[in-house]
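Heads up, the next two complexes both have subunit A, just with different partners, subunit B and then subunit C.
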Partner chain A sequence: MIRILSRYSILFILTLLVLAILSFALAYLFPGDVLQNLTGIVPANEIQREALMRQYRLDQPIVFQFVHYLGNLLQGDWGYSSASGLSLREEIGIALPATIELSTYAILMAMFIGIPLGYYAGIRSYSTSDHAINALSITTYSIPVYWFALILILIFSLNLEVAPISGRISLLFDIEPVTGFILIDILLAEGIDRGVALRDAFSHLVIPTFAIGAITTASMVRITRRSVIDVKHRAYIAAARSRGLSGWRIFSQHVLRNALLPILPLMVIQITTLITNAMIVETLFSWPGIGSWLIQAIYQRDYPALRVGMLAVSTLVISLTILIDLFNRIIDPSREKYERASV
Partner chain B sequence: MRISSLGYVAFIATLLAVLSACTKRDEQAFYNSGLIYCSESNPVTFNPQLDTSSTTADATAHQIYDRLLDFDPETGRIVPSLASSWLVSDDGLTYAFQLRRDVQFHTTDYFTPSRNFNADDVIFSIDRWRDKNHPFHYVSGGRYPYFESLGLADNIVDVARINGYRVEITLKRRDSSFLANLATDFSVILSAEYGQQLQAQGFPNRIDQYPIGTGPFLFESYRKDHFIRFKQNPDYWIEQAVAKRLIYDITPRSSLRLAKLMTGECDATAFPAQTELEVIRAKEDLVLAEKPGLNIGFWAFNTQRPPFDNQDVRRALAAAIDKNTLLEAVYFDSATRAKTLLPAASWAFQSDADDTAYNPVLARKLLSDAGFPNGFSMTIWAMPVERAYNPNAAKMAELIQRYLAEVGVTATIVSYDWATFRRHLREGLHDSVLIGWSADNGDPDNFYRPLLSCGAIPSGTNRAMWCNQDYDRLLDEALATDNIEERRAIYQQVNRLLYERLPLVPIAHAFRYQAYREELQGMEINPFGGVRFGGVSKTL
Partner chain C sequence: MPQFSLYEEAFHPSPWHRTWVAFRESHIAIVGLFVLAIFVIFSLFAPLLTPYDPIAQNIDGLLIPPSWQPNGSISYLFGTDALGRDLFSRIMYGCRVTLGSGFLMVVLAMLIGVSIGTFAGMLRGVRSSIVNHLLDALMAIPTLLIAIIIVAILGTGLVNSMWAITLALIPQFVHRTRSFVRAEMKKEYILASRLDGANKWQLFVHSILPNMTEMLVVQGTLALSVAVIDISALGFLNLGAQSPLPELGAILADGLDVTYLAPWNVALPGLTIFLLVLSINIVGDGLRSALRKRVSH
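What follows is the complex of A and B.
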């Protein structure tokens, strides 16, 4: 157990270190001044410039520069956006939770709809209902997410006018971002009608969540169905059946849990796709998350923002991947035998 | 697994409990208490003295501030605002303003006024742009483009305090457009007390970032590329409906603004695109308001180059084109035909002015009489950007090219990027150009002087490079009188002169559009500048 934990932590730290090196290199690779790429501060004159160079150790050998950069990252000094002049840590502190929130609801949707549907289709495999579910999931899975989102906007927002198309909540609500999660922030906010605010936030959430969640749900259905069918053909199911166990007991005691095991590792791959999809969908819905924030940064050639944004997103993805992998390893120690740690 | 799903169920249950607690009526009341305006861009500053862009004026001029005087949006006449009355001396050089006594400045998180608005605030606001020695003159850059372009600071001798509620402004020369300039979006009144307080604190810059005014809304917060929040000014001195909240949702994409208007996320939007007008008209719950704007699109000849120095040649070219076709093809019926420089929104508009007519036979005859029986070749410069007064200059140039071919004139179309285009125009490299002008107030001098006076050639607004002593004399005469009928008569003479000499062919006055949801009451297009939300309310 300790061996597994330490191996994963080393993997985690090393990956982050590589990412940090990469992001530091970006300051040199992006066009323009290294000082500005790294800090986002435009020095007013030569004296200030020299002071800043010293402060960020840019007058020293590159290794020292990097060590100092690493220290700054850990202390939360991520530099300033060259477009807005605001602290990048604060900006990302608002944008990243918005993306995580959207992704979380999409995952919940995929789990609560995709897994039961998958079980159902797997148990009734090759029946009409299974074929129907299968066809639906393949269709959904094949639709490009941005196109799907646009169609949803067209139908539900512009034609039926039942859902708003932009943002997380009507701007009439002045909600202080405390956690960055809108639903929690509403519950924490003072002086507003929370009921109305929550309803408003929900109406903003539904379509983007559905747009991102549908594709993940579809793959969830397919993964679960496959897994259930595999388990169904195992010898121990045949044995259980021969012992005269009821269909429900076979399902609840043997199929349910055993089919779940291979699903979890496959979810890891889904999460990265899901976050990518979330970032695409965000820009369509003007969702103030990290995706639309990075797109803005690209438009405005905001290199400091791009550098830190890339670091933040990849850190998030890597942490999630490693955590879920670790979780798998703990609940299913049999994998230890044939697999090394992998990302 | 089990814990997280339990937690989720509990969470949902709490949410549902909270959700069901509120009633539909409260909800509706809440949504009706605030206005959301989808604006097109970020304001440069929160002080319109510092910037002439319409985005800045829209966001600040009529929301945060008031002026001494205002334009009546219907008639264009000057009406009292912070000045309750005014007197002009017989020589037209001294203006005395009587100020309102009951006006309070905004009380916000960052400022609490200790006194009401008075003469000191007027002097502070005008001296800020007028007097280079004023402590705030160089704060935020020290450029006041609107006042600089009119040379207003040089014409003011003094702004004096007679008593707490009486101010006297003395001019060097008569200027009958002076009152109109005080009523524009740019002549806002700032708080002198706030200025002193900021200076004592050492943050004078904040005066333009955290604005204090007397307007219907007070500034709350601004996030670049996202929103500007305003709150109702509870002590506003005009009794009118003021929404509790006003929010500018900054949405640069025109199609997204329209989408938000359709879904009700915005109550009103800025600048709907020409192509979207039909969509808005087709929607029952949307209103498309239109009004002739204070602008003019025209075709100017470079009168310093032969053969365009010959007025018969200019008249021939003007007779060769069919303005109505241009209007239909380029403006899609979103403009009115221009006869003179002045649009109908101006008080000096002359409805019976002479206009050129489409007559290719006359055109050919005039050309042949002028010594060009076989025509000649020329260039038409088409401006590369889209403006309300000419949404598609390139297309208009092509149409004109075809008309000119019919009378034997060969035209080539020229275009550069906008900066180069304007530089070459100033150098006078063009034969003729399709361009236009948007004015800032309803005063006719704001059209005639910058567009065709001799003095406007070096500053680059006289695209015809036309200099006529009679014309300049008439314009000066018009400014030297306060009798509005007399002025109107002089401008009619000016129109007559322009019709005879034809340094430029007026083509169109484009409409101004505003799209909003039908729930909005009291929404009006302000032809004399920025959008106004005081007096606008939402009902169902």
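What follows is the complex of A and C.
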């Protein structure tokens, strides 16, 4: 146990170090001035430039520059956006939770709809209902997410007018971002009608969540179905059946838990797709998350923002991946080290 | 001795033939293959099949509706866009650009991924652990993020976005190859070859690779569907193919400006991407279950 933990923490630190090196290298790789790419500050004259160069150790060898950069990152000095001039740490602190919130609801939707449907299809495998569920999931899985979101906007926002097109909440509500999660922030906010605000935030949430969640749900159904069918063909199920256990008992005692095991590592692979989808959908709905923020940054050639944004998103995704991997390792010691199941 | 032997007359199909027989049993897979074949024909012979030049603008025919609508004209099957370009020709060329670049990316990613994966799979000890874990971590970085970074360094364009997606596709090939090579290396036929004095290269070429091709084909079709979705998404976000170039995502993004006036400019390119990806997925799924059937019987 301690060996596994130490192994994973070394892996985690090494990966973060690689990412930090990568983001530092980006300052040199991006077009333009290294000083501006690294800090986001445009020096007014040569004297100020000299001073900044010295402050950020850019006159020293590259190893010292990197160590100083790493120190700055850890202290929370992430530089300034060259487009808005604001502190990048604050901007990301607002944008990243918005994306996490959206993805969390999509994942929850995938778990509460996808896994039961997958179990149902897996148990009734090769029946009509299984074929129907399978066909539906492969169809949903193939829809390009941006087109799907556009169709949803067309139907629900423009034709039926049941949901707003863009944003997180109506501008009439003044919600102080405390946690960054809009639903929690509304509950924490003072002096507003919480019920109305919640309903408004919810109507903003529904379509983007559905657009991302439907595709995640589809792949969840496929993964779960496959896993259940695999478990059904194991020897211990045949043994249980030969002992005369009822179908329900076989399902609840043997299939249910064993089929869940391979689903978890596959969710890791889903996370990257999910975040990509979330980032695309955000730009369509003007959701103030990290995806639309990064795409704005690239349209405006805001290189400091891209450098830190890349670091923040990849750190988030990799921490999640390693955590799930570790969790999976702990609950399932029989799993081989590098083994990952396939969809 | 019997007059004739049943067993000698029996036909022994090759593994590929048996896969094809199993594949043929699924009607949906055959339909998918048929649709995919149409798309491939479109992309291969686009210059011969298209009625108009995909980037030629026609000021006299702006926003003509598709031919099945009352105002439409049969000479413009899918109608025209805001610059009077024939949508049907653009979509056909779009298949060529999107599917062609997707195919190129998958082949490239497969070549690189299989080499790295084999290398990593044959490594032992600490080195292998480090290589494997780092590759695992890289796999977790979202495609769009890699694409944004590459576009920021190299600038927008179809080729640059192709590099980004290739880079994002490589890890899954590495992963599958690595676990496959690891599993095979423990088997007895590899041990037999090793006892015959085969070195690692000979082991890979003569023993492992022939067993791996099918897995690679299935993985390749999956990667192709991802590649098509990603390249069109980048085109849609204006990070990939730029406007006059007929790329399905870019055509969709162009149509977005005139959604109210001409909804077919958004609906038809999107539908094409959807059908393309769906047919690739159905064929991939069919192949996978055919292989599974063949191996289990």
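Basically, the second predicted complex is superposed on the first by the 335 of 343 C-alpha atoms of A that agree within 3 Å, B and C clash if a C-alpha of one lies under 4 Å from a C-alpha of the other, contacts with A are read in each partner's own complex, and residues count from 1 in each chain.
Following the convention adopted for this analysis, a contact is a pair of C-beta atoms (placed from the backbone, for glycine too) under 8 Å apart; a residue touches a chain by one contact, two chains touch by 3 or more.
Not measured: the values here are computed from a predicted model.
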Exercise. Aligned on subunit A, subunit B and subunit C: do they clash or fit?
Worked result: fit
For this session: Once the structures are superposed on A, label A:238 by its partner contacts, choosing first (subunit B), second (subunit C), both or neither.
Result: neither
For this session: Go through the superposed model and pick first if A:276 touches only subunit B, second if only subunit C, both, or neither.
Result: second
For this session: Please indicate which partner A:163 is in contact with in the superposed arrangement: first for subunit B, second for subunit C, both, or neither.
Result: first
For this session: Kindly classify A:132 by the partners it touches after superposition: subunit B alone (first), subunit C alone (second), both, or neither?
Result: neither
Exercise. Given the superposition on chain A, which partner contacts more residues in subunit A: subunit B or subunit C?
Worked result: C
For this session: Mind working out whether A:21 is in touch with subunit B, subunit C, both or neither, as first, second, both or neither?
Result: neither
Exercise. Thinking of the overlay built on chain A, is A:296 touched by subunit B (first), by subunit C (second), by both, or by neither?
Worked result: first
Exercise. So, A:195: does it touch subunit B (first), subunit C (second), both, or neither?
Worked result: first
Problem set entry | subunit B and subunit C, minimum CA distance [Å, superposed model] | 7
Seminar exercise, completed: The intersection of the subunit A residues contacting subunit B with those contacting subunit C is none
Exercise. In the complex of these two chains, what residues of subunit B are touching subunit A?
Worked result: 8, 15, 18-22, 26-27, 30-31, 33-34, 36, 220, 224-227, 229, 245, 247, 249, 251, 256, 259-260, 262-265
Exercise. Contact residues on subunit A for subunit C in the complex?
Worked result: 11, 14-15, 18, 26, 29-31, 135, 138-139, 141-147, 150-151, 154, 268-269, 271-273, 275-276, 279-280, 283, 291, 294-295, 298-299, 301, 303, 306, 310, 313-314, 317-318, 320-322, 325, 338-340, 342-343
Seminar exercise, completed: The subunit A residues in contact with subunit B across the complex are 84, 108, 153, 157-158, 161, 163-167, 170-172, 174, 183, 193-196, 198-199, 202, 286, 288, 296
Problem set entry | Interfacial residue positions of subunit C with respect to subunit A in the complex | 28, 130, 132-134, 136-137, 139-145, 148-149, 151-153, 175-176, 178-179, 182, 222, 225, 229-230, 232-233, 236-239, 249, 252, 256, 259, 263, 266, 270, 273-274, 277-278, 281-282, 285
